[in-house]
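There are two complexes below, and they share chain A, which is joined by chain B in the first and by chain C in the second.
Moving on, here comes the complex of A and B:
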């Protein structure tokens, strides 16, 4: 039996004190984003998710989605739980009002998405995939395509998928072979097999809109020859009603270690006839670029699953550690006993979980805020600056937060001890569910390569230099904030100096030999995430200190913010700083041994 | 479909070049331990385990052990696979010849146990538990008990269990309430419920010998009032035949995340009558001490499961990375592709796995060798010195190796990408099976507390000081070994200096306030493991260098040893060294926040 309470207090703290709701509300189009509205959104979404989605999380894991007679059946209750979110209008909140959306800033949507991923990560994937499809259609689709598909994807009446992967084309999307042939009526005929298609089939909605990458005739090989198509499960008649089946067959479902309620399908397009009917999105051979539009929000959303599973795992571990009485505290009389939270090593685990969740939450919300600024700020230069910043943060949100999600859910198992290994405790599911985050939407290794290869050098390194500058800029405030901030200040300065040095090394050496930079990509991403986490927590602590000075009544919570930042700086940050060595050690030892000589 | 080949080459390298078989063979009683014998043992055990145990690993995971009509049924084939090991005499090899054992050194047994844990970690638990029972009986049992139970446990004809845990008594063994009342015939009557009993019931053998901790009348509370009893599942008649059932009931089996073929039972003793018949082991109220006899070897064995699952995960990841072609190498022409082992980030993962497996293997074999010296060396002072050393290494073998086992199996999933999350790939099972290692036989947090609270100060700190001295002593050799050893030398020196400083800090501050030391226990254990790993790999590299100079024909393997040690020093060791900060940061930030204020 697991517990969950929406982390409203911490979400509000970040939104108000790290991001600044006023900065959001100052953006054209977001004038309605006032504190009361945001409070209502978080309250109501949190309540619905906790009441309706959360109770199905474990039953969904046990039952799983099943393929029966060619159709996917989701676990009992899922269809109703999905529909309740649709009915309440939650799925449309990220989208423009012109198509019936709620026009909520990404920052607020991110807070809601975190809660969805905590209460039911399998079910939370359905709207996340729709959002990817919608982003691509809104940005690149024709008015006709938008008219037919966007509204019903937006409300959640239909869902979307992203059909990229094929058996020979995983990380290497350019190796895909699915074919698209032009038809006389301007549409296309799609033939091929796609694998690992999340919510590729299900019974939540009447139609499913597949966004399919395929190769048109005479296209160049590799990613330059890829185009993006809309392929509905059922064709849509002119009056908007559903027509005949579009020859999209669910071949099989995968047996996964986690997120078992989320169906992962092998889909065969156009197996029986001339091909499934597809409609080109945007221009031919631009599919790879459009794919990144689909994936970018998805990457942040995957990162949120790390925050979310970390949060729920932490909540349960914290509750258990307060109930479970075991052993006497060190130094106490022989017959004394304590809830295990009284033991130093348990407290270390809990504080690590707490600090990491708060650091991840701050980073992902900052990432979302950067997206809002990049889209809505009136000044073009500012928009571009924030676009670079959001681009820089996205692979970190995705990879660092999912890696930490795995670590934090593992710690919850550890706090539970033997019980944590028993499925009924719920802890194994959090851990199993969290593990996919490091893999899909581009493995964390791919994220690290994206970070060092594309995001660091973009705009002449403006984003990373800006970020390092911001980190340095709080040094004076930390110095002035008193003794409790001393270790934070010193250790953050060490971390930022190491980050700067590592960044410089990658830039210098990567220019001469990209493999030198690639060799350090993964430790660099971890380092950036860890140092950024320390920075956001230090900022939180400064904000808390200021509120305390102003006489805020929320004394304990704000004091805890300062203590958490200090814990992070002393206990977790040094391992980020120490990655300077591994980042700059270069490729030599990685490649020294011939692959044939690597066995034991 | 997973693969496994016994890592004979690496095992032999460690046995010959790090441990020195001649040092083993020089011990009284081990004169027979010659290279040919050891080769034959490793070859034959490896072959039987690979041929018979390994094919059942995944089917065992799918089927699991089941409770049917009050009896546990193990997965298809398990009984036969177990019997083949019994028939071939493998289960008796660790034990004295006087009871029919094979009198093999712990060092050699450890190598065999590693392979057993790789091929079928669930089944490998059965003999591991028997060994715990045997160790206790051999050391503390009466001649009568030995006569009845030892031979048949030793051959594997029967198996043993360790019945410690109760719902309210997990890490706090002293809280147990199972009762033992004296009977007229000198035996005892046991009543109580034990949980988490591995192989508490099964169909592998005709009888099961439970070693049960219970409380005799008028015993003091806590661990001082605990006694140890032998409680057979079926009573044994004077002629050695099986008598009636001893009222040990299997109440239920746990649904675990992994090691699913291994039955984890709730056992009820003496529920139906006056109590199960039990026989006191040794003296009354000495049960806690005897328990440590049972657990000590078990802790090393659990550590071996980390090495073993790391090894098999590495083998599979390595093979997959050589088959799976995906994307072009950085800097290669547009249409070039490579097996993924050609990518820097994949190679980083593989090298990390390789280096960590070799470091764990060296540490656990060293630990076993220290046990052999402690038991068989003719000189009492030397025995005592090695006993302290073995005691120091045991919690590190257990906790560090199981933590790394989880990390290495997780990396195998990552190398496989999406396929790694699919159960059919076999990678999830390795990861799920590995996760228990950090929990049972004393959680890794308990190991860390044991390390800093008991093992560091024992003998006036002789063992840790000796170990640090050994680490420093190879500095000259590293300096003389050439440029390839430069980074290894410098980074090892940094690591050893940090370890020494951390050790001193714990000693000083722990004396004044044990919670200060407890706060740093977990990072200290990780630090010691990491630095020791670097030391053992550096020693391996020096040995390899010497063999190369001597013209050994095994050039590539030996060169790889040097490259692996260098990789470890440059890429992994710095994270151990950096733990100096966390170890010495003290308890303040851990306990700063009131438990009631820790929520979000």
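Moving on, here comes the complex of A and C:
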């Protein structure tokens, strides 16, 4: 039996004290985002998810989605649980009101998405994929396509997929071979096989809208020759009703390590005849650009699964460590025993989990806030500034948070000891479910390359310089906040200095030899995440200290905020600072051994 | 039908309740939640209103605070609320409470009044009965099932041994047990709509009620700790002893 309580207190703390709801409500279109409304949204969405989605998490893992007679059957209860979220209108909250959405800021949606990913990461995938399809359609689709597909994808009545990968085309999307041939009526005929298609088929909704990357005749090879198509599972008649079944076949489902209730399909398009019916999105050969639109939100959403699984793993490990009595505390009398939370090493694990989850949550919410500013701020220059900032944070949210998600869920297993290795404890599932986060939507290695290759240099390095500037700017406040903030202050300064140095090294050496920078990409991303985490926790601690001075009744929670930031600064931040070495060591030792000589 | 549902805002039961050391009153934070047992009353009220194209008004007495708990009930679908927040009523006994609520209910006008069986912070469990008496209408209490049959209301009244079938013609007061209906989850639209639903905050005086708290809490003592349970050593006949105990407890 695992437990979960929505982390409402911490979510609210971040929203009120790090982000500032007033800054969100000041954006045109978000005037309705008041504290009462946000509280109610988090409360009620959290309640439904905990009551309805969470109980199906483990049964869904055991049962898995199954392919029966050519169609996919999701685990018992999933259809109803999905429908309840649709009926309550939660899946529509990110989208514009003109299409029936709730027009909530990405920041608030992010908080809800975290809870969805904690209660049932498999089921949370379905709306995440719809969002990708929707983003592409809204941004690049014709009015006609929007008219037919957008509304029902938004409410969750239908779901979407992203059909990118093929056996020979994984991270190298340009290698795909699925073909699109023009038909007489202006539509297209799609032929080819796509693999790893999340929610490629299922029984949650009556239609599924595939967004498929394919090659039109005479297109150049590589990414420049790719176009994007809408391919519905069932064709949609002019009056909006469902017509004939399109020629899309579910060939098989993967047997995965985790998120087993999320069906991952091999889809065959146009196997029976001349091709599945598809409709071009935007212009021909622009598919690669559209794909990035599709994946942009998805990367933050994947990062959230790291936060979410870290949170739920921590909650369970914390509860278990208080129940499980084992051994006597060091220095205690012979016959004394203690719950394992009394042992220093267990406490170290719990504090590491707690601090990292809070740091990840702050970073992902800040990322979402940057997106809101980039989209909605009235001033163009400010929008551009936040666009660069959001672009910089996105690969970090995705890769750093999923890496930590794996580490924190692994640590939960460790806290449970032998029981943690037993499936019935529920801990292995969190770990298995977390593991995919580092792989899909662009592996974490790809994220690191994106960070150093595109995001650091963008806008002349404005985003990273701005971020470093912000980190330095709180030094005075930390100095004035009292002795308790001393270590935080000096260690953060060390971390920021190292980060600046590493950034400079990458800029310098990456110019001369991109492979030098590529070699340091992964440790650099980790370093940026770790230092940023320390910065956000230090800011949280300052806010907590201020609230305490103002006589806030929430004393214990606020004191814990300060102590968590201290722990992070003293125990975790130095590990990020020390990555300056690996980042700047260059490629030499990576390539020193000839591949033929790498075996033993 | 015009349905009035009695609801109460209580401190979040997730954090332990604390008493004010001077007044012995329950300390009530700014943000209180809708008493969970009231969700059943609200759901029952909404169900009846939907079946009869009626309306649902909420009445509530107690410190208004941020009105979070009231908005939770409005987000489920109730149309409006009356909240009686009056410093003179702090620590009111159940009869004073019933008098005030009765005045508010009468002012709203009603065909059916619905309440939970008791609140989760006070547990007196007699207010609905007193309201029925003051309104001079029938009381259908401890309903585990409610049916509208023509112009009559029929309930299954939960008893120790099963249930009684009880019916009355409206106007009437119904108290519902947890589980009478499955409370709906507020929808996002419901939450948005609740922001602009009318909440009328009044004092007892404005309702024409002159009443005082009616009681004084002189002292509060901690409840005795629960005694340790009985340990049954198994000498081959423990199962018989356990069966006997369960029979005594009337659970089998």
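As a working rule, the second predicted complex is superposed on the first by the 600 of 600 C-alpha atoms of A that agree within 3 Å, B and C clash if a C-alpha of one lies under 4 Å from a C-alpha of the other, contacts with A are read in each partner's own complex, and residues count from 1 in each chain.
One rule holds in what follows: a residue touches a chain if its C-beta (ideal position, glycine included) is under 8 Å from a C-beta of that chain, and two chains touch if they have at least 3 such contacts.
Keep in mind that what you see is a predicted model, and the values were worked out from it rather than measured.
Contacts of A:40 after superposition: chain C is touched, whereas chain B is not reached.
In the superposition on chain A, contact is made by A:102 with chain C only, not with chain B.
Set side by side, chain B and chain C differ in how many residues of chain A they touch, and the one touching more is B. Of the two partner chains, chain C is the only one that A:88 touches; chain B does not reach it.
By the document's definition of touching, neither partner reaches A:323: not chain B, not chain C. In the superposed pair of complexes, A:483 makes contact with neither chain B nor chain C. In the superposed model, A:380 makes contact with neither chain B nor chain C. Under the contact criterion defined above, the residues of chain A that touch both chain B in one complex and chain C in the other are 5. Residues 5, 7, 9-10, 165, 168, 170-172, 175, 195-196, 221-222, 254-258, 311, 314-315, 318, 321-322, 325-327, 330-331, 334-335, 337, 339, 341, 343-351, 354, 357-358, 406, 410, 413-414, 417-418, 420-424, 428, 431-432, 435-436, 438-440, 443-445, 448-449, 487, 491, 513-515, 518-519, 521-523, 556-557, 559-560, 563-564, 566-567, 570-572, 574-575, 577-579, 581-582, 585, 587, 589-595, 597-600 of chain B are the ones that touch chain A when the two sit in their complex. By the touch criterion given at the top, residues 5, 32, 34, 36-37, 39-41, 43-45, 47-48, 51-52, 84, 87-90, 92-93, 102, 553 of chain A touch chain C in their complex. For chain C in complex with chain A, the residues that touch the partner chain are 14, 29, 31, 66, 68, 71-72, 75, 185-189, 191-192, 194-195.
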